[in-house]
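First subunit A sits with subunit B, and in the next complex the same chain sits with subunit C.
Then we have the complex of A and B:
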């Protein structure tokens, strides 16, 4: 176990290098560069000397691998580089946008768990009854509706019915908590609703599966009450696959924030990523993908560890 | 013992096809509903040319932004195109991308997951690290990059989305194989001297088949969602093919005054995903031997 853990931790860095290498190459293979994007249709009038000077300034005249190697060397020194567009250090650009995204993700997750676990368990226990029917319909409806559509509908009907529009100006949580939560609760609920649909389904199926196991039958035969059987015997085992799925959920959550931030004009990482890809601001794209990569890799690592603790049958050799 | 009872068991007529279907409809109404809608969507996608009252590209400035009426049940869009016809053709786009990508993802993911989970060791460690890289990559961005670099043609979309989902499939299948290979029957087979190929084919794969199928059927819905997000952001199947996501994106500029433009394509996505997931749930309940007959 100790060795396995060490091996996994040691692999975090190569994994992240793999992710960033793929993204650095991919983003540079996209047609056009920052000069084309900023100049737009006027790019034909950019004279060759100016272009060459700009390319030198942005290091675009080097090979892709050289650019990547330099980026890694700078990264090792703790320097994420500067945005090609704003010229400001990327670290400070990210720090300004991270809180909104993190808050959206955490709030979404909280909504998801609060909906998914109780409904999923009840749905399994009262299988094929009205609770199950309603719970599953709800889960699958939540899972089925695209979150960008729900977001647009919330804005459309929020305006038509209540005259509500998402505030144009974003406030930080510590700056103006009321305005901040007023902006974020709708997208967070939509984000959480989607994730909860998956978690709810999974909780239901795994609880059902476990309820058919011998040890649950034994527990019932011993005369334990339903409550004790479900919470004490079935649930801990049923949660194992739910935990595995959880690693995948984090990725979903990150993907969901991209579209929702765009629709609700939240100045977060997702919005910044889309803009940076559009503007071919290579180092910013690399930095954001690195950051999301760190979050995903660490949550996967955590999932694997929790997995082996929850299910002793799984041994990592 | 088990064989002996078969010999003396009286010939009981098992319920025929229709009776079984009826029983299924009673016990799994949502699953049957999902199955019916999925078949209907496949038929609509296939027969779009016959079913759609207008072409998906029938511009007419004279009839732009009409409300729903008998002639245009879902109304018309900004360019005077019939929304119902576009929703119908949208089903074709969704079905092609969803089914194609799910097949690609399932084939690649199951192969990797089974081998990785069963043999473990160095192969497992290496492939799972590649899967780690894959999974650490934001999915939407992965597709946006590849579509941007190559093209937004159907083959590129299907292969890209398939590759993207294969990483998740391989994880899920590997997890199931990890638990299955510790089973007593696998140990027994091994003790009897069965070779790896036989253990995989006879014991492991049949036991994780349910997981593979459930995973694939869950992916179908999620792929439809991804395709609509991609189209919404402008990276979906190329125009003039109407996809539900692009219809939603086009409806955005009109959304407050003509919410119906947003309503119908969104409902279509929701209905499609809902039905695929319901069908998947029912398939799961039927396939999983631990759930069968309960």
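Then we have the complex of A and C:
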């Protein structure tokens, strides 16, 4: 296990370098640069001398590889650099935005589990009955309804029907927990509902599979009650694919909340990433991708470790 | 010698003026109320107030963070608006109940007065002696700061680069401090709206000379404007408190604190306003009734028809040289129907609102002193006919010019940047042109990846459509016909027209200037090198909560309102 962990951790560095290299090159291959974005519709009037001076300032006159290499060197020193456009340190920008996105993601995933697991299990247990029909319909509905649409409906009809608007300003959890949860519960519910559609269907399928296994039949033959059979024997075995899927959804912690952050005015990383890509603020894009990569790689590692907890037959070594 | 002096404009209103203002407010309220049918709610300014009152927090909004705290980092509208809170300019647009909508009249800000030489080439700006920078500097603004800021704008200071807006002031030859409170601008050529250029918050702000050495202007804001930045949380808010020693005070700003909340989505902005959390919001036409019905006593300001947008003909397609095709494109468009569809004007009329349908010429209708109404008597009928919807004539012109194009033309438009009216009009343009035999395929281009870096630089086929904002009417003529490096406009080889625009540039007599700009619109329509479009000509509104006073009366267009208007607002309890 220890050797396995070391090997996985050792792979993290080249993985992250690979990811950031690909993204750095890709984002620079997009047409346009920060000068175009800063000038906007008046880009045609920026004179060549001004453009050349700005290219030097933003190091755009250097090759892509040189720009990337400089970034890696700075990174090795623990410096994420400064935003090209705002001129502020990227690290402090990220620190200000990370908690909101992380909290929204965690709450969203918690809602997703809270909806998906019971509905998926009930759907499987009462297969082809009204409960199953309702559960499957709900899953398809949640999969089909985009989160931006649900968000806009919540904002618009929340006020029309209930006079409800989310708090105007986002407050950090440690600053004002009530206001914080008041802002986040609706977008987190929407986020969780969207993710839960897929998890619900997966849970139903895997629980159905497991319910047909010999050991479940044996448990029932021993006279165990349904609840004990399902929760004690079927569910732990059914959860491995669900945990895998859940691990994949962890990417929402960083990047999947873009639209909801915009609609609910949450100062998170998703919105920041989107704006940075649009503005061709390369160092910011690279920093956020790096952070996303770290979270995804670590969550995948965690998922692998959880397998061995769920199923003792799985061993690493 | 022309002189613009400070004292004529900025001082506290005396009792009589205040009563006149209250009367105007009442009349405006009555006028707006008359626009409603019996079925509607109320609108117009709130009931008369006891008078200016100090205190309170104004809850403002912005759709995004400013790109930077440094005013010269970007030339965007968001940057300009944010910087206008804290940084002074030399001049600013005049606001007030007696100022016509869309007025370009400027008043001194950090300047006290200006002397203009008879040839229009030398502007001697006398600075106020009571302009104080915010803490921690707390010192007087001097001519050195003005020259420093100019050098920062143009990138002449060591370690700085020019602003992307440096091209806007290319008419300036030198800027020099004559003494502590006098700055002289010498121009290479006359520019009729030079003071408006200095008043444009997208162009020039005055920073202290310590910026970049004593502190980093990207991380700290030290200006001399009406609002001191107290707190900036990216993605969330900017909090300003009033500058107690503002040179246009001491009573103003009346409001103690302004919080600019970042609210990116229109639907959320509207809900927050309806819920009473925001003090103002821009309202699109179709939502106006809901706002009026929901917020009792809401005050509505009809925004001037601005900016201008034009349809451009590709330099790669030689057939656009034939003016008949260009006329046909313009005459194929039903401008009123486009306004109705894009801005919901018919619906507004049905709801009892009085609706004006403006048509932009090559000057936006907002510049009412300079714009000639194509539906009015002043416009040459021969020129006006090219803006009137006449598909039969347009078809005939296309036939005369050799028929439609052999292949489907590309029509490049930005995909989402300009909102719903732009998208709706884009769809209509395709249909209108199809009806006269010009087959067009709309290409919705990504704003950041294609539209700006390629199309807006002139690299497109067929047609393209782009809105452009300029702070004065001459700037539209300049960018369209004098800047020859521009691949869209400057390529038209029309020396007489170029010479005429150049002559207008040299005019210093304001009456003649106005007359010439009004006259040239006839000729521009007859040439139709670009087709004026209706995006920006429709009605949009700003709604204010009833507790906000003086807001409808103090309006300017552009991004300078935090200094031009906001210090004059006050809040009722």
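The working rule: the second predicted complex is superposed on the first by the 293 of 317 C-alpha atoms of A that agree within 3 Å, B and C clash if a C-alpha of one lies under 4 Å from a C-alpha of the other, contacts with A are read in each partner's own complex, and residues count from 1 in each chain.
Criterion: a residue touches a chain if its C-beta (ideal position, glycine included) is under 8 Å from a C-beta of that chain, and two chains touch if they have at least 3 such contacts.
Just so it is clear, the structure is predicted and the values come from calculations on it, not from any experiment.
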| Where does A:30 make contact in the superposed view: on subunit B (first), on subunit C (second), on both, or on neither? | both
| said: Looking at A:300 after the superposition, I want to know if it touches subunit B, subunit C, both of them or none. Which is it: first, second, both, neither? | reply: first
| Which partner does A:258 reach: the first (subunit B), the second (subunit C), both, or neither? | first
| Does subunit B (first) or subunit C (second) touch A:233, or do both, or does neither? | neither
| Partner chain(s) touched by A:155 [first = subunit B, second = subunit C, both, neither] | both
| request: May I ask you to decide whether A:205 touches subunit B, subunit C, both, or neither, giving the answer as first, second, both or neither? | output: first
| note | The intersection of the subunit A residues contacting subunit B with those contacting subunit C is 30-31, 152, 155-156, 159, 262, 277
| query | Which residues of subunit A touch subunit C in their complex? | reply | 30-33, 35-47, 49-50, 53-54, 56-57, 85-88, 93, 96-97, 152, 155-156, 158-159, 163-166, 168-170, 262-268, 271-272, 275, 277-280
| query | Once bound in the complex, which stretches of subunit B touch subunit A? | reply | 27, 30, 120-121, 125, 129-130, 132-133, 135-141, 144-146, 148-149, 168, 171-172, 175, 178-179, 182, 214, 218, 221, 225, 228-229, 232-233, 245, 248, 252, 255-256, 259, 262-263, 266, 269-274, 277-278, 281, 284, 288, 290-291, 294
| message | If we count contacts the way the header does, which residues on subunit A are in touch with subunit B in the complex? | response | 7, 11, 14-16, 18-19, 22-23, 26-27, 29-31, 128, 133, 136-137, 140-141, 143-146, 148-149, 152-153, 155-157, 159-160, 201, 205, 208-209, 212-213, 241, 244, 247-248, 251, 254-255, 258-259, 262, 273-274, 277, 289, 292-293, 296-297, 300, 307, 311, 313-314, 317
| field | Complex interface listing, subunit C residues touching subunit A | value | 59, 64-65, 67-70, 73-76, 155, 161-164, 166-167, 170, 216, 218-219, 233-237, 261-265, 267-268, 271-272, 274-275, 277-278, 447-450, 452-454, 456-458, 466-469, 479, 483, 485-488
